[in-house]
Amino acid sequence: MNYQVPGTPPATLIAKRKPGDKPPLITLIQYDADSIFEGEFETLQDLMQRFNASMVNWINVDGLHDLELLRELGRQFHIHPLALEDVLNTTQRPKVEQYADHFFIVSEMIYEEENGRIALEQLSIFLGTSYVLTIQEESQHDVFEQVRSRLRTGRGYARKMKSDYLAYALLDATVDQFYPIIETLGESVDTIEEELLDKPSRQALRKLYEAKRLMLQLRRTAWPQREIFNTLIRDDSGLIAKETQIFLRDCYDHTAQIIDILESYRDLTAGLMDVYLSSLGFRTNEIIRVLTVVSSIFIPLTFFVGIYGMNFNTEYPWNMPELNWPFGYLLCLAVMATIAIAMIVFFKRKKWL
Amino acid sequence: MNYQVPGTPPATLIAKRKPGDKPPLITLIQYDADSIFEGEFETLQDLMQRFNASMVNWINVDGLHDLELLRELGRQFHIHPLALEDVLNTTQRPKVEQYADHFFIVSEMIYEEENGRIALEQLSIFLGTSYVLTIQEESQHDVFEQVRSRLRTGRGYARKMKSDYLAYALLDATVDQFYPIIETLGESVDTIEEELLDKPSRQALRKLYEAKRLMLQLRRTAWPQREIFNTLIRDDSGLIAKETQIFLRDCYDHTAQIIDILESYRDLTAGLMDVYLSSLGFRTNEIIRVLTVVSSIFIPLTFFVGIYGMNFNTEYPWNMPELNWPFGYLLCLAVMATIAIAMIVFFKRKKWL
Amino acid sequence: MNYQVPGTPPATLIAKRKPGDKPPLITLIQYDADSIFEGEFETLQDLMQRFNASMVNWINVDGLHDLELLRELGRQFHIHPLALEDVLNTTQRPKVEQYADHFFIVSEMIYEEENGRIALEQLSIFLGTSYVLTIQEESQHDVFEQVRSRLRTGRGYARKMKSDYLAYALLDATVDQFYPIIETLGESVDTIEEELLDKPSRQALRKLYEAKRLMLQLRRTAWPQREIFNTLIRDDSGLIAKETQIFLRDCYDHTAQIIDILESYRDLTAGLMDVYLSSLGFRTNEIIRVLTVVSSIFIPLTFFVGIYGMNFNTEYPWNMPELNWPFGYLLCLAVMATIAIAMIVFFKRKKWL
Amino acid sequence: MNYQVPGTPPATLIAKRKPGDKPPLITLIQYDADSIFEGEFETLQDLMQRFNASMVNWINVDGLHDLELLRELGRQFHIHPLALEDVLNTTQRPKVEQYADHFFIVSEMIYEEENGRIALEQLSIFLGTSYVLTIQEESQHDVFEQVRSRLRTGRGYARKMKSDYLAYALLDATVDQFYPIIETLGESVDTIEEELLDKPSRQALRKLYEAKRLMLQLRRTAWPQREIFNTLIRDDSGLIAKETQIFLRDCYDHTAQIIDILESYRDLTAGLMDVYLSSLGFRTNEIIRVLTVVSSIFIPLTFFVGIYGMNFNTEYPWNMPELNWPFGYLLCLAVMATIAIAMIVFFKRKKWL
Amino acid sequence: MNYQVPGTPPATLIAKRKPGDKPPLITLIQYDADSIFEGEFETLQDLMQRFNASMVNWINVDGLHDLELLRELGRQFHIHPLALEDVLNTTQRPKVEQYADHFFIVSEMIYEEENGRIALEQLSIFLGTSYVLTIQEESQHDVFEQVRSRLRTGRGYARKMKSDYLAYALLDATVDQFYPIIETLGESVDTIEEELLDKPSRQALRKLYEAKRLMLQLRRTAWPQREIFNTLIRDDSGLIAKETQIFLRDCYDHTAQIIDILESYRDLTAGLMDVYLSSLGFRTNEIIRVLTVVSSIFIPLTFFVGIYGMNFNTEYPWNMPELNWPFGYLLCLAVMATIAIAMIVFFKRKKWL
């Protein structure tokens, strides 16, 4: 978890430094229907000289460790100190806040890292009339490559529309990332299901628990995401065009669908835990049945043969006269066979055999 | 699952092709109170020449793989690109969206396939003043045959009313499909219940789990279906006549009833899982009781007879003098009988026998 | 379940025929504060001649198999075809619908049949200014005898008030039926509870499950019943007098109380299932403890006596010299006693004994 | 349960008689800021002569078996017949109803009886401008003694304020009764918790179940109590002064707190049931481990010594030549020790020992 | 629990005395943008002489045992007697109440005591235009040290703003305390998880149960905390400046996040209980498998060797002639090996070995 030490004054900015941090990367993509410019800048001043309020300016910052840069961004775009604090405090819930001349949106990018782990990276978006400012935690992963390439080629609507549409496109890209992860999750639930119904093992249980954990994490991100779209759809500040709101409604539907699927996976995995428990109970029952049948047949018989292994002095007529009967052994075998058969019949009736 | 690759531009149309796709089938049923025309067309242009805005035109398209056709439909009926995308993206939740001059309704047809599997097929409905445009995933199954035959014969209200009533009739047909499936489900829950209460087996458990899965799927479809009717009933755009809304209220009641039944099945199956677990526990308990009773009686006795099977040299007076007693054997039997009876009394008291 | 074949046109009437159906019974009770008339009629026409709009007319029809009669009722009282369909489709949820000049109320009569089974029978009520039309599924059972006798004797308010009060009195009679059934249910839950806490058996489990099933059924009926009263209390169409609404508020309280009791029974039975499971686990634990104690004491001892039952040639000095010791047997007994006592102390410490 | 026979006309009064009922006790406490009068009356007429509308009149009736008295109260204070019926029907949910010139409040007094059982007694309150009429089920228990003594001594606000404050004081007294009972409940949950975590027993399970039952009962009373205060706080009929509403808000907070505590107890007891089950499972596991270790070591050894107890004729060289080896016995012991040690190592590795 | 004896008059003040109570500490911090004064006072009178309505006056009282002081505070700041009662009744739920000229806020400070226990201490805040009055239960712990030091140094916004901001800063400090505690909780859940998945033990179960208990406690505090912020954000009385409300919105987000985390921990621990149960079941199953395999192989064999240990007189030709066969012993071993191998094959097939 990532939280400020209790007692820190509100709106205090604390840099998030990791070993080997390079200076944050500042990039600008500036476009209108006719032209597009792309560039990287060392400092915000350089970038602001290029800023053109009559075009759409997408300023992207990767990395949260340069406080001075963040403070400058705050001054340039009239960002409230608490919003800046939220940018740095990377365990925010996704949310949208409206300020005088811009929206502040906190969202989560979700992606699979090289090692197969699902990572969440906070994405802060400031949406003004002529700009979109995005701040990411780090520079290696990013889910916007296709948005950029669409802007470059001019495919789709993007170039013809305003900054609100760009913000939508970015949010849409983060939502789309859920699908492959949910699909993988669904497949792994299916696999676990097969395993649990066939042969309950501890590995399957662990996998099930991990799937559950991931689901919890996705749910915690997806629910407030939906609220973001719900708020933006109903916005009447004029910053979001009616036309864009139709697109945002589509995003809302997507998150609703994602939540739906996650909820039904949740019900399924809860059911699977029950299946595992009963499957285990069933196997234990089966094993014990074998033990009981074998023991109940042979333990009495062993006792029986033990009797005739006793060494009482058979010279006295009352001491085990059976041992000296000519057909004692055969009789003894017959009695034992009878006991065994009676037992088997008893177990057959109980359906334990 | 069926989702677009993340990063695809919004409103991109991607054809859903399967091997052996024939060109999509376009059919038109055109009617008013007096006359009815039915025809199949190769291209949309041919069909549009026949289109008559003063009658009700039901255009049905089977198959989603001809993008050009879809785009043409979009142009002809002013369909928003996102709506067209939703038509192709067949894992949509049922929903209704209002556009300037039409409603866009996504619903699900549910039916049993030849192999007994329950299939869901997405049905997209565009409802305008003089037309209903339906787009289905494939051409083999369809739940509208009876609607068509009612239109042909002029039975019922259908021919006397407008396109809104036709849309209602189609939605009503999809809702009606739930009933036989739910009934089958209910019967299978009853069967499983009998099995589980009588003799818990793994097959019953698996069947229970599958019933649960199907229920989850039906619930996920039924809940948003109800919302569709709720929205249409409250519509005041004028596209849906007051008279039709009374009929839609009936559909609303039906979905509410379906949800009710599904919820109570859900509670029942949850209870059945508990019944299975306790039934299993009860059987294990019973089996272990037999094992314990048999073992506890015979294991001590076996030890006892083992003693007198020892080969100590009885020439020494303190070495097993019992073996040389004249009634040693009888005494030994008497002691064993006493032990056995004491054990049995103990178990009787504990009610284990 | 009782549903129409999918594809049936909306508002189609399908008679519910059972072998041995007699023509439906039509009765009229007509009254005002001063006089009362009661009669049975063969046809609706005969009855309508006697209809008097300045009195309260209670028309009751028993049996749903005469479609012609229903259609005639529809014409006489302006009943919407969908409402007529609902009358026949006897798995409706309780509901109330408002039409131009009457209310259509679907309720459920609940009663214990001769064989002890709880039966639900659908009751359809049409409430107009001067009439109450009730349609029941069959003619044998009915919960209104006391309402009739109150009308006859003029006891209570009934005769002084309008048709809305009569409808209230009928609904009140159906709600009152819940109480004895719920009381029986509560008593049977108490019995099961005693059984489960004392001696868990499979019969008790089955009874518990059946009680649960009945509860589910009652809940499914009671919840929408409450909604009926909620709607009628808030009605401002003028059909329901303010004075009657005070009485309906009382009915609302009753259904709320019934739901309350059912919910707490539900929590109780859920708790009982847990009690059963733990009770079972406790017994298994106890049984296994006995098995373990007995086995752990005697199995090692049996092994010990087995050693001295071996037949090694004792002429060699290293082969079981113990057998030829003068006090070998006593030593052997002493060793075994020590082992046994050690075991018992161990089990005492573990509190297994 | 206490319900009227189905079919009883609405608003029928049925006396609740118990053997040995004395005539109900009618007491009047009449006060204003300056003076207070207290008296017992045989009949309502006597009391009404003393009634003084310019003071606060608290009329209290203990016992529900004198119908005539109730009817007279009804006439004197314009009580609706249904409200009178509710007074008698003592399984009402707590509720508040507003009539033309008074409030009718049904609440529950909760107290511990001499035998330690928690009892609920219905309290009906009619609150008019100049009077508070309270009707209790019986005359032995009552939670108002301290309210009376405060009125007598003139301590606190009571004497300076109107009848609405008196009603508040009475309701506050009933709410305060929850606290000691909840505290006892909390302590008993703590005790059960200690017992279950240490040594799961059946007594603890039964106590847990009973605590759960009591909680359910308290919840069923506390929730609607809160609604009473919620309604009274928002009343704008003028019967409840703004100043009193501040006091009622305090009562509302108290019930909210009570519900809070009950809900968290509920979660705790649910958790305890799980703890009990796992604790049981853990003990069973432990016991079985001992059984398995002992049996697995000694059963094979017993078989081994059994071999050399066989009586094959050793004159043939292939029949158990081991018996005639000089060191046969020692070898045999060595083999057995090896087997035993191997087993112990195996169990150590599995961590079962 | 801390509640008043039932029947205590409303708004009665009862001092909370503990042995060794010192007179409560009264401190004043008085500041505006330019200057700051800090002082301790023996009596309220002394303090009130220093009170300056044009600055922000933060009066802090530690300890609840001096009733006279509380009554004087009540008189000075027009505090309602019920509010004073709430200050003393330290099991209040967090809440906010609006009075004519001030807000009364009950919150909880949460901190870890020296012994590692999590303690809750009630904090009562009265917020007027020019003052903030805080009353704490005791004087040892306090979470405001950093707020004081920020006031002293003039860092942050605090000195430039009004009393509403001070109240915010205090509430923010209490909320911030949740984070380290939740983090510790999260870490301990992770540890328990590892333990339970690896080797289920009773200690882990107890720890899990205690974590659950702490979570319940935190939830019960966090939910109403959120409501406090919700109420203050929407306040339009003018006491809370728009600017401060932005800061309060931040607090609201924090509590929402805390609740979110607590809810997901709750789901996780519920899942862990299931994991524990199944892990236990799995181990039991494994142990029983070993028992069954060993017993099922050796018990029949022991019976078999027992047969040839019987002492039937072999002089009769039908009494155990096998004993006198030249290869009887080898045959016997062969038969036993066959039985053992058959058993092993059977268990291999069942996958129990």
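Every chain is named by a letter (A, B, C, D and E) in the order it is written, and numbering of its residues begins at 1.
Note that in this section contacts are C-beta pairs under 8 Å (C-beta built on N, C-alpha and C of every residue); 3 or more make two chains touch, one makes a residue touch a chain.
Since the structure is predicted, the reported quantities are computational estimates derived from the model, not experimental observations.
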item: Steps needed, at fewest, to go from subunit B to subunit E via touching chains; value: 2
item: Neighbouring chains shared between subunit A and subunit D, ordered by label; value: E
item: C-alpha-based rotation, subunit D on subunit E, 0 to 180 degrees, nearest 5; value: 70
item: Chain centre separation (subunit A, subunit B; CA means) in Å; value: 25
item: Computed distance of Cα centres, subunit D from subunit B, in Å; value: 40
item: Shared interface positions of subunit B, touching two or more other chains; value: 277, 281, 284, 288, 291, 295, 299, 302, 306, 309-311, 320
item: Chain contact topology (line, ring, star, complete or other); value: ring
item: Contact set on subunit E toward subunit D in their complex; value: 1, 3-4, 6-12, 80, 82, 85-86, 91-93, 95, 97, 199-200, 202, 205-206, 209, 212-213, 216-217, 220, 273, 276-277, 280-281, 283-284, 287-288, 290-291, 294-295, 298-299, 301-302, 305-306, 308-311, 314, 320, 322-330, 332
item: Touching residues on subunit A, where the partner in the complex is subunit B; value: 143, 145-147, 150, 155-158, 168-169, 172-173, 176-177, 179-180, 182-183, 186, 197, 246-247, 249-250, 253, 256-257, 260-261, 264, 267-268, 271, 274-275, 277-279, 281-282, 284-285, 288-289, 291-292, 295-296, 299-300, 302-303, 306-307, 309-313, 316, 318-320, 351-352
